[in-house]
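Take a look at this one; I'll ask things after.
Order as written gives the chain letters A, B, C and D; numbering starts at 1 within each chain.
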Amino acid sequence: MTDLTVRIGRLTLKNPVLTASGTFGYGPEYADYVDLNRLGGLITKTITLEPRGGNPMPRIAEMPAGMLNSIGLANVGVERYLAEKLPLLEKYETAVIANLAGSTVEEYARVVMKVQKHPRVDGIEVNVSCPNVRKGGLAFGTDPDVLCELVRSVRSETDKTVIVKLSPNVTDIRPVAMAAASGGADALSLINTVMGMGIDIRTRKPLISRITAGLSGPAIKPIAMAKVYEAAQAVDLPLIGIGGIMNGEDAVEFLMAGASAVQVGTLNFVDPAGCLKVLEGIETFCREQGIAKVSDLVGAMDHG
Amino acid sequence: MTDLTVRIGRLTLKNPVLTASGTFGYGPEYADYVDLNRLGGLITKTITLEPRGGNPMPRIAEMPAGMLNSIGLANVGVERYLAEKLPLLEKYETAVIANLAGSTVEEYARVVMKVQKHPRVDGIEVNVSCPNVRKGGLAFGTDPDVLCELVRSVRSETDKTVIVKLSPNVTDIRPVAMAAASGGADALSLINTVMGMGIDIRTRKPLISRITAGLSGPAIKPIAMAKVYEAAQAVDLPLIGIGGIMNGEDAVEFLMAGASAVQVGTLNFVDPAGCLKVLEGIETFCREQGIAKVSDLVGAMDHG
Amino acid sequence: MYSEQCPIDEQRSITESVFLLSFTSRAIARTGRPGQFLHIRVRTGIDPLLRRPLSIHRIDPQTGQISLLFRVVGRGTRLLKDMRPGDPLDVMGPLGRGFDLSGNFSRALIVAGGMGGAPVFFLIDALLSLGKQVTLLWGVGDGREIFGTDEYVRKGVDVRVATEDGSLGHRGYVTELLDVFLKTHAQDQSFRGFVCGPECMLLPVQRFARKTVFSWQASLEERMACGVGVCQGCGVRIRNQAEYRMVCKDGPVFDLKEILFHD
Amino acid sequence: MYSEQCPIDEQRSITESVFLLSFTSRAIARTGRPGQFLHIRVRTGIDPLLRRPLSIHRIDPQTGQISLLFRVVGRGTRLLKDMRPGDPLDVMGPLGRGFDLSGNFSRALIVAGGMGGAPVFFLIDALLSLGKQVTLLWGVGDGREIFGTDEYVRKGVDVRVATEDGSLGHRGYVTELLDVFLKTHAQDQSFRGFVCGPECMLLPVQRFARKTVFSWQASLEERMACGVGVCQGCGVRIRNQAEYRMVCKDGPVFDLKEILFHD
C-alpha cells in the first residue's frame, strides 16, 4: 500500500486530491456522488466579507476541451458561511480549506480573521487571481509587491496554513510566486483560470455577459503544468497543481512537475465522482510502479 | 457574392484567410492539397539570418485539443530562403508574407533589409514571440520598450507592410500592442503559441526536450479571442487573429472580436485542405447572413 | 440522485431533427418526477466536455424505461442522435425540482412550444393519475413534430395543436390558442397553468398568465455546467428575491409570474 | 498524395491488441509503395486532434484494397479499432519515401520486430515480384501476433520466427536469429537488409549491420504532426548531415548504418 499522505504547510492531508474552489460548492452538494471522507481536502467556494450576487447571465459557456466562467465570486458572505455552511462539514473527516477574497488588503485581512478561528477550517486559500471581479481582484495576483503585502497581512491574522492561489495570466509566474513566499505563504496553488472569451456569431453577442472570462478544463492543463514547473524552480514551498485534471495520470503529471498535491475543478461537473477516480488513478499508478510514498513523485521529472 | 477583400496595412488581400508561419512550410509543400491561389495570403516559416537546425527531439506532442511544439525556429536561413524558397512561389497569385526573427535588434533589421527587397515578398511579419528560442526571442514580445525600438528599426528598413506577431504570454497585451503601434507597425497578428508543457509519466521525461513549449490548436482559441479583443480596444491597427481556428465559424468569431483577417495554423496538420474550408465557411456564413463585405464583420460584436 | 451507465433500448426519429431515445434505469425510473431533468454525457473524452441537460420525457415505472425527446441543435445532440441500442448512456439524475402537483386544483392547462413538448408527456401522465382534467395547447413549427397525442385524446385530454406551417391544427402560434382559451377560462380558480418552451414563448405566455387568477409554473432552460447548484452558472432572476436562483437546483420549474426575464 | 474518406471494408483482430483493418482507395492503391505510410484521422472533432501515422501493410492492386496492421497503444489506436465496416476512414497519403528496391541485389534479408511486421508484407510482395529471394526474421513477444506467414513460405520465403514467450519458433529475441544468420551471410554482397521495428530493436540491429558488407534500410518511427515535412517535428539525425532529416518526408526509410540514434 502506497503512503498517500502529503504535507501542505502545517497540514497533513490523507491524500493529495482536493476539490478546487468554486467547483464543489460548500462541500455537501456532491455528497450523493462522492464519499467526502475519502478526499484529501475540500476547498470551498471563494467567500468575501459581504454576500455577492455575482455577474449577470450568461456566466458559463463550453469551449474546446474546456469551459469559460465568469461567476463573479457569487457567494453567501462570510457570516452565512460561518453560520450555515461550515457546520454542514462537521460530520466529515477531511481537511476543509476556506478560499477567501476581498477588494482591498484590509478586506482580505478581515475575512481571514473571521474565518480562521472556526474549528472546522483547517487552512486558508487566498484567492488573488479571480479574473472575474472588476475591482482589485486580478491586480493582487499580478503585481508582486502588492501580493507580498497582501500575503503578509493575511499571514499575520492566522496560524493556520495559508495557501496563495496564483493566476496564470502573468508574463512570468516566478516573481509572483517568490512574492507570495516572502510574504509568508505556506504553500501556493496554481493555476486559477486563464483569461479567454467567445462570441455567438449568430446573435453577435459575447458568450459571457462580462465578455472576457476564465478558461478551465483540459485545454489549460499544459499551461498549468508549465506554471507549476516554473514555480517549483523559483520557490521552496509545497505547490498544489490545478488545471484540467481529468484522471490519475494527469494528477501524477502535476506531481512530477513539482506539485505536492492537486485540485480537481471542472472534472467535477463532467463526472461528479471524478475526484475519487483521480485518487484511484494515482493509487493504481503507484501500485503498478511500486511507489512507496506518493510524495516520492513530487518533482520526480527526469530532466534528462 | 460577398466582397472578401481585406486591407492589412499597405496590402489588399483577396480574402481574409492566411496560413500561419511554421505550419505551412515555405508554401508549396501543401500544393497537392490546396490551390494556393485561393489563399488570402501565405506566411512562410520564420527565417533568421543564419540557418538553424532547431531544438533537439522530441519537439512535438499532442495535448487535449491542441499540440505542443518546440521546433526552435529551424529554418534554411535568409540566403537559401531568397535563392531557393521564394522563387518557388513565383507562379502563385497570393500574397506572400515573410516571417522573420533575430536575436538582436540589429539581426532583425538585417534580415528584414535582405528579405524586403525581394519582389515576391508582399509583406513582413516580425516574430517577436516565439517561446522556443533561448536567446532573446521572447523578451522582445513582452517588454513594450524593447518592442517599440525593435519595430522602429524594422520599420526604417522597409516600405512594405510590417506586421508584428505578438505573444499571448504577457500579463496585459495592451501596452505591448500599443508599443508595436507606436514603433510604426502596419498591423498586428496575434497570438503566437501559449507556453505549456507535459510529462510522460512512465518514462518521467518531459514530452518536449526543452521542457516548456508552445501550445497551439483549439485549446487556445478562447485565449486568442480575448487577446484580439483586448488589442482591438487598445490600438487602431488592423489585427490578424490566430489560434485554434478549425472552421469558418471560428474565423468569423475572430473577425467579430476585432480581427481584419485570420491565420490558420495547426488545422493544416489535421486537414491539409483545412484553410480553404475555413474560407468556404466564411463565405457560407456571409451568404446566409446577407453580408455584403466581409470587412463589415470586423469588430461587429454586439456589446449589448 | 444517481450517476450511471444505462443501456440504450431504442432510438427513434420523429422528424429529421427530433429524436426519441429510451434507456433503462430502475433507480431513475423510481425517483424521477415530471419536470426534472437528466444530465447526459454524450461521449467519453473531452469533445464535447460538458454534460447536456434534457428533460425526462416519459417514464415507464413497470419496465424502468425512461425516454428523452430532443432536437438536434449542435454537436452534443448530434452525437446523442448517433447513439445506438446497446450503447451505454452516461446519465446523472434525476436533477432539479419538478412541477408542483400538490394543492388544490382540478384542471391543468399546459402550454408547450417546440421542444417544450419534451417534459409534457410525463407531466400529463402524472396529472391524469391524480385525476386532473388536462388541456394541452401544443405549438410547433413543423406539424410532423406533433406525435403521440392520440393516446392522450383517448384518455380524455383536450389537445389543441398550432403549427406555423399550418400542416396540423391551427395555423400560427400556440399563444393564439392560449388567447382564445383564456377568453373563457382566465378567471377560473380551478385551473393551474404549466408552460414549457423557449424563452421567446415564455415571455408572451407570462403576459397572458399575469391576467389569470390561477398560478402558473414554467420550466426554464439555461446553459449548465454542474447541474446540481454548485457552479452558479445557470442563474435566473425571480421577483422579490435578492439573489439569483439556479435553474438546475431551484428549478428548472419556477413560478411563471415571478420570473424576471432579460437580465 | 491524396486526402480522402475511404470506406472501411473489414476490421479483424489478430490478438486482443493487434488489428488488421482494410479499406478501399484506388488512388492510394495505385501509387503506394512499400515502406510508405498513411496519415489517419481517427475521429472528426478535436479528440484526439492529430492524425496517426500507420504503415501500408498491404495493397491489393486488383481491388484497390489497402490494409493496415496496428497495435492498440493509446487513445487514437483504440478509437481506430472501434471503427466498423462501412465507416469512413479519413486517410492522407501515401506519404514519405518507401524502401529503395532498385539496384543490384538478389537476396533480401528482412528483420522485423513487433509492429515492425506491419510494413513487411507489402515489402515482401514487392521483392517477390522483382524476383528476389527473401529471408524474413520476425520477432514478437506473443506468438499469436505471427500470422499470414504460410502464404509466404509457400511462395518460397525463408521465414524464421522468434517469440519471447517461446510459443512459436525460437524462444528469445529476433536479434539472436539475426546473429545466427549473419554468421554465414555477413560477407555476402548479394544481400540487401531491411529492418522495421522499435528503436530498442533497431539499435542492436544497427550494430550487426555495420559488420555486414551489404547495405541496410530501416523504417523509423517518430511522433508526427503534419506528416509532410512542414512542421519540422519528426527529425532524425543522419551521419554527415548537418541538418535534421524529417522522418515523414525524407524517410521513414533511412540508411540504417547512418542513423544517429539518441539525440
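The rule is simple: contacts are C-beta pairs under 8 Å (C-beta built on N, C-alpha and C of every residue); 3 or more make two chains touch, one makes a residue touch a chain.
For clarity, every value in this text was computed on a predicted model and none was experimentally measured.
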| remark: In contact with chain B as well as chain D, sorted by label, we have A, C
| Number of hops, chain B to chain C, where each hop joins two touching chains | 1
| request: Would you kindly tell me how far, in whole Å, the mean C-alpha position of chain C lies from that of chain A? | output: 36
| query | Just how far, in Å, is the C-alpha centre of chain B from the one of chain A? | reply | 34
| field | Chain centre separation (chain C, chain D; CA means) in Å | value | 56
| query | Which integer distance in Å separates the CA centroid of chain A from that of chain D? | reply | 47
| Taking each residue of chain C in turn, which ones touch at least two of the other chains? | 46-47
| query | For chain A, which residues are shared contacts with two or more other chains? | reply | 63-66, 209, 218
| field | Graph class of chain-chain contacts, one of line, ring, star, complete, other | value | complete
| message | Which stretch or stretches of chain B touch chain A in the complex? | response | 63-66, 68, 142, 169-171, 194-199, 201, 203-206, 209, 211-212, 215, 218-223, 225-226, 229-230, 244, 249, 252-253, 256-257, 285, 289, 300-304
| query | Which residues of chain C touch chain A in their complex? | reply | 1, 3, 41, 46-51, 92, 222-236, 242-244, 263
| message | Could you list, by residue number, the parts of chain D that touch chain A in their complex? | response | 46-47
| task | Enumerate the contact residues on chain A facing chain C in the complex. | result | 22-25, 29-30, 32-33, 45, 51, 53-54, 56-67, 69, 71, 74, 209, 217-218, 246, 266, 268-273
| field | In the complex with chain C, residue positions of chain B that touch it | value | 64-65
